[in-house]
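Here the chain labels run A, B, C and D in written order, and each chain numbers its own residues starting at 1.
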Amino acid sequence: MSYALYRRGGPGLRLVTIVGLVLFVVWSAAPVVWLILSSLLQQKALIARPPDLSPANLTLDNFVTVVASAAALGRGILNSLIVALFSTAVALALGAPAAYALARLSVPRANAIAFLVLATQMLPSIAIAIPLFLVISRIGLIDNVFSLGVVYLSFNLPIVIWILRGFFLGIPAGLEKAAAIDGAGVLRTFWHIVLPISIPPLGAAAVFAFVEAWNEFFFALILTRQSAQTVPLVIAAFAGQYQTVFGQMMAAALISVVPVIVLAVVFRDWIVRGFADGMMKG
Amino acid sequence: MASQATFEQRRRSAGLFLVAPAIVVLLAILGYPILESMMLALQRVQLNAGEIQRSFIGLGNFQRLLADETFRHAALNTLYFSVAEVVLVVVLGFGVALLLNHPLGRPGFFRILLVVPWAIAPVANAVLWKWILNANYGVLNGILQSLGLIDYYQVWLGSPFSALNFLLLVDVWKSVPFVALLLLAGLQRVPSILYRAAYMDGASRLQAFRHVTLPSMRGAVAIAVVLQTIWSLRVFDLVFVLTRGGPADATVLLNFLAYRVTFNFLDIGYGAAIANVIFVLTLLLAILYIRLVRPAEGAAR
Amino acid sequence: MTSVPPRLPPAIELRRVAKSFGTVQVCRDVDLAIETGEFVTLLGPSGCGKTTTLNMVAGLEDSTSGDILLAGRRVNELSPVERDVAMVFQNYALYPHMTVAENIGFTLRMRGMKRAEIAARVTAIAASLELSHVLERLPAQLSGGQQQRVAIGRALVREPRIFLFDEPFSNLDAALRVKMRAEVKQLHQRLGVTSLFVTHDQEEAMSISDRIAVMNRGRVEQFGTPEEIYARPATRYVASFIGNPQIELMPGTVEAADGRPAVRLGAQVLPLPGDGRFRPGQKVEIGIRPEHVRLGAGNLSASVRLVQPVGPLSHVVLDWDGGSLTATLPGFSRLQPGERVSAAISPDDMLVFDQETGLRL
Amino acid sequence: MSIQMSRRGMLQAAAAAGAAAALPFGLSSHAAAEEALTVFGPLPPDPAPPGAAKFSEAAFEAWKKAHGASVTYDLLAWPQLHDRMATAFASGSAPWDVIYMCGWVPEFVSFLTPFADELPKSLVDDLPASSFETVTWQGKRYGAIFTLSLLTLFYNKEHLAEVGFNEAPKNWDEFKRATKELTRNGRFGFVANYGDPAGIGGTASYWMAFLQQAGGKMYGEDGMPVFKSDAGVAALQMMMDLMAAGTDPGSISYASINDSTNVLLAGRASMMMNWPFMWNAAQDPAQSQIVGKLASAILPAGPAGSASIDGTDAWTVSKASKNPALARQLVEFYLDAEVQKRQALDTGWLPIRLSVLADPEVQQKLPNAAVVLEQAKHPYNSFVTPDFNQVTQAVGTEVQKALQGQKTAAQAIADASDLVTAIVKRRG
């Protein structure tokens, strides 16, 4: 068996991989397909048994209605974009240097600090919601997209630090030494060497932070009123006490997924593949 | 213009300079709320005459927990849910990562598809699954019946055990993508030279996986496990939408209980006590997992 | 009271330099003075502290105590760039995201040199290293030898005062290693830049160095020219580390035979040089290098156990009363295993070490 | 511009917004002199106020102009109302003047002002006296119900006719028999949402309706639970019997009434207990397969007659309001007879004013109005207390256990009684 074959696998592994990929596609896509169908069907057809998929029931009404509510959904998307981009950018800007410091710069008690940073995530958000609301309302920043974005740092920053720290720990020490010899100080080493070779994990961390901020519901519920409402609240508004307008809710959900999908398309290489395989060879 | 600090001192001070902003920001956001929630856990809080009245009762809330059967029940549910979720998510996530790392799984399509379950807003996700799992008009029943796998429509969320496991299934579905992403990035960091070495050493593919891939993935797996532990203990919206903790408290997880007690019962002190128990429990589980995944702490250095 | 003529201070000087990580002492009181233009190798097994010493000279690690001087100036607190040293790393440590040109030019960029000048110098260096055609490639697209040359080019481009090499050839195959060794030596001869080289390969060290510092457990056991190290090892450790095949070491006791000192090795008694270095009853260890064992004449009776021809030479392993002994003979030996031979060793060729201190007597 | 989340006629809403923006700017110069009110309530199709839901918009504009007031709506999906309110109250910064409540008056009473005591007599006299029960605490009236929302029985006329019922079951025995006979052809006789134990419309509140039908009460004069009685057990036994007779087994998993409503609307169940909003939903061909087949009746009588529970959608005024008088006037406007009529005709939410309920136009458009009015003649106590959520959580969970066969009715009621006693005592 050649090495190439060894790495790629023979027909057996190939079969297993194909079956696995098919299962993966079904597992990931089936509920999403149903989501798309739901958004295209009248409620009447959805509650039929089995669901009545006849073309007569297909309609774009749900989308028309949802898009017509552009005031709410549009503002929600805009707010979510601002909150998510702000929170992601700040989380990376603060988190990447911190992660690097905790991974490589012999900061005293780095492991303990890193663990404490993570430990902040172990207290449920429910527990801090009321005190947080109190503080933010005292300073008059309720219903403000940026205060919401700052609150999102409370979970985005620690996770970004943790993800990146893991990767920074794996960077060969020689690179930093070479940079030091080449005359780059710590900050320039970080900027010119560490960050460029960490684009894949940075991409993953950015996508993570963006998605979490984009979809966050609980803090958004408590800390916004009308003007800073984010997309999840707009979506949730389709589920009332007595009626859930399921098709419209799914249509709104689909629309709200688009930016994340765009992000995934743009970042799909960076997220995981990064540079040529074996970049870290040797 | 020599600075009077040595190389390592300079690195250390640069490190402090780089780590400080993040810590300061975190402290500024979370410091007071965390301390406050710990204080609240020691208090009895009542809404009276238009304001909050708080009285210090020491460990009274925690004593109450000991006698609270719902809490015990919720703790057991949570333990099962959390452990099962971490295992399932990491194993499935690893599987997906391996698939997408294989040349056949490289096309960007798979990677985009991977992100989708995670990208759907949890609110919408929970409602989507509620409809899928509906006992009367749910599409899962429809599909299984038309495939001949079931004779009658099943009440998936009707019995305690089944309801808890379907809750688990939905959360696993939503959680796998990120962990897979993390592990995929980790897989691509495994130096290919190690596989060459394994090949030279005559290791079978399985042995190479066991002795090259797994050990190299320790760090990534550790992060995935710890993060997933934290998240699985924070599950709330799914319970809120899918089952409301029912039937008969079968799907009450600790975080949902903390929510219920705090926001539905307005028993804020007691709710804070439950939240703090979750905190301690998460901390212990995280430490345990870290120990399990990294048996030799020094070996990684 | 001799008057010392004014002379340049050593290019690199270490004074009682020590380094410990927590309770682990990696380097103990290392003293070393390297003259300008010298090519010095730190030689020793892995974990002996040689790389740490190199890193301390480079400014990549702090010393716990002691002084590091470059050209007479204490540099303990200086950054690597202020020390004006260049370094070639084990595994090359090329920046994976930069092209060859960028890798080589990075250090110039860090000094704020103008783009055009950087390009000119990179081009020149690349030409001298036969890298011109790969300048726009990423390191991952290069062969091992090319990566090695890029690493050297990166060090050369800034024309440093000192070159440091940290096991630079350990990833290369044997033939390439020998070739690169020659290239580095020629480079040194051409440029005459003070160089400090770290390796665990004694042959590499012998072939490339002006002087060698043999390190063991954080200490410099001996610092001298390759010849001194080989012919007059200061310690038993140095003797055993240098030389291929390894020196034979045999414990024995000093006796007086016919009024001359001799050493008893098992049943055999071998004469020692009569220069008064030895006291009867002294516990010693005798080291005999293979090329000093002369076969066909003498009073040692031995039998052939193994014959290993290596081309120009043959190594013959012998069994005798004192233990085993290796002899090196020119050409292809015709000896057969089991054959009995007689051997002679000149007292002057014997290296005698104190059994307790390991120092050569 | 406040949020316009009505899901119907969204285009009109957008058009209206455009029109508002196009108003001559002279009008807005009065802004400085305006009194500002903020109203916190649910988004339609849950019962939303004029201007938020599409009714009485012109009248609302006129009212604002006449009172020199600006009104800002802070509207939220109903399921999230309680949380945001709880957070705001618990943090001591609730910025609203008029607040929607649904059985939460006792819970939040300390943040409210008993404004309803000052409502004009003419208005109060036109409201069912019993409508104040859920908004009265310690003798003071803190809210005004604005829609008569009682549980009644909704049924599929066609299904019932198939098994020989020309009208709704009148009593428990008929109810059980009908359920049993209707359960056929893959359909179920009855469907409910027993998934969520707590709150109004939760499992416990259904049992409370049965409890009153059996002649029982939740609390005694001293405020302690008294439902550990024959009536309490009989009520639960009735639910269990219905379950066995042919309640959709999925009922135990339906966490919101919407889940079970869909079963009835799909024609897959024949009867359910539901709120007045059901009527319009069933007539909408986009979501209903039983258009024209729905009928409504008062709930079947138990040993003590028919009885129901109250949805208690009410307007309250915050204690922190800077302008409580204007806030009260706004609530009076919401309860204005003409506004009430438009509310009924345009949104399907029944009025609370007796005169409007008796209006022939209303009765003709909403045939169930008469039924609800009739139901209102029977008891419909929802037994709200400050710890209503906690009590219903405890009771509802025990009821769920009994419905699943984990406990007998007597056991479950005894356990529930112990739990509720502890809750009431802890309140002190």
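Operating definition for what follows: a residue touches a chain if its C-beta (ideal position, glycine included) is under 8 Å from a C-beta of that chain, and two chains touch if they have at least 3 such contacts.
According to UniProt, the chain labels map to these proteins: A = Carbohydrate ABC transporter permease; B = Sugar ABC transporter permease; D = Extracellular solute-binding protein.
On a predicted model such as this, the values are computed, not experimentally measured, just so you know.
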## Note on the structure
Max Cα-centre separation from chain B goes to chain C
### Query
If you tally contacting C-beta pairs, which pair wins, A-C or B-D?
B-D
### Message
Based only on mean CA positions, could you tell me how far chain A sits from chain C in angstrom?
### Response
54
### Summary
Separation of the C-alpha centres, chain C versus chain D, in whole Å, is 90
### Message
Quick check: how many Å separate the C-alpha centres of chain B and chain D?
### Response
37
### Task
Report, in whole Å, the distance between the mean C-alpha point of chain A and the mean C-alpha point of chain B.
14
### Residues within chain B bordering two or more other chains
7-8, 10, 136-137, 153, 241, 262-263, 268
## Note on the structure
Multi-partner residues in chain A (2 or more other chains touched) are 47-49, 129-130, 180, 185, 236, 239, 244, 278, 280-282
## Note on the structure
Among all residues of chain D, those touching at least two other chains are 83, 87, 90, 92, 262-263, 266, 268
### Query
Pairwise, which chains touch?
A-B, A-C, A-D, B-C, B-D
### Summary
Contacts from chain A onto chain D in the complex sit at residues 42-44, 47-49, 61, 65, 68-72, 129-130, 133-134, 137-138, 142, 221-222, 225-226, 229, 233-234, 236-245, 248
### Summary
Given the complex, residues on chain D that touch chain A span 1-5, 7-8, 10-11, 13-14, 17, 42-43, 45-46, 74-80, 83-84, 87-88, 90-93, 201, 256-258, 261-263, 265-266, 268, 275, 277, 281, 285-289
### Message
For the complex, give me every residue of chain B touching chain D.
### Response
45, 47-52, 130, 133-137, 153, 155-159, 163, 241-249, 260, 262-268
### chain B residues within the chain A interface of the complex
7-8, 10-12, 14-19, 21-23, 25-26, 29-30, 32-34, 36-37, 40, 95-96, 99-100, 102-106, 108, 110-125, 127-129, 131-132, 136-137, 139, 142, 145-146, 153, 173, 177-178, 181-182, 184-185, 188-189, 191-193, 195-196, 199, 205, 219-220, 222-223, 226-227, 230, 233-234, 236-237, 241, 255, 258-259, 262-263, 268, 271-272, 275-276, 278-279, 282-283, 286, 300
## Note on the structure
Note: in the complex, chain B contacts chain C through residues 2-10
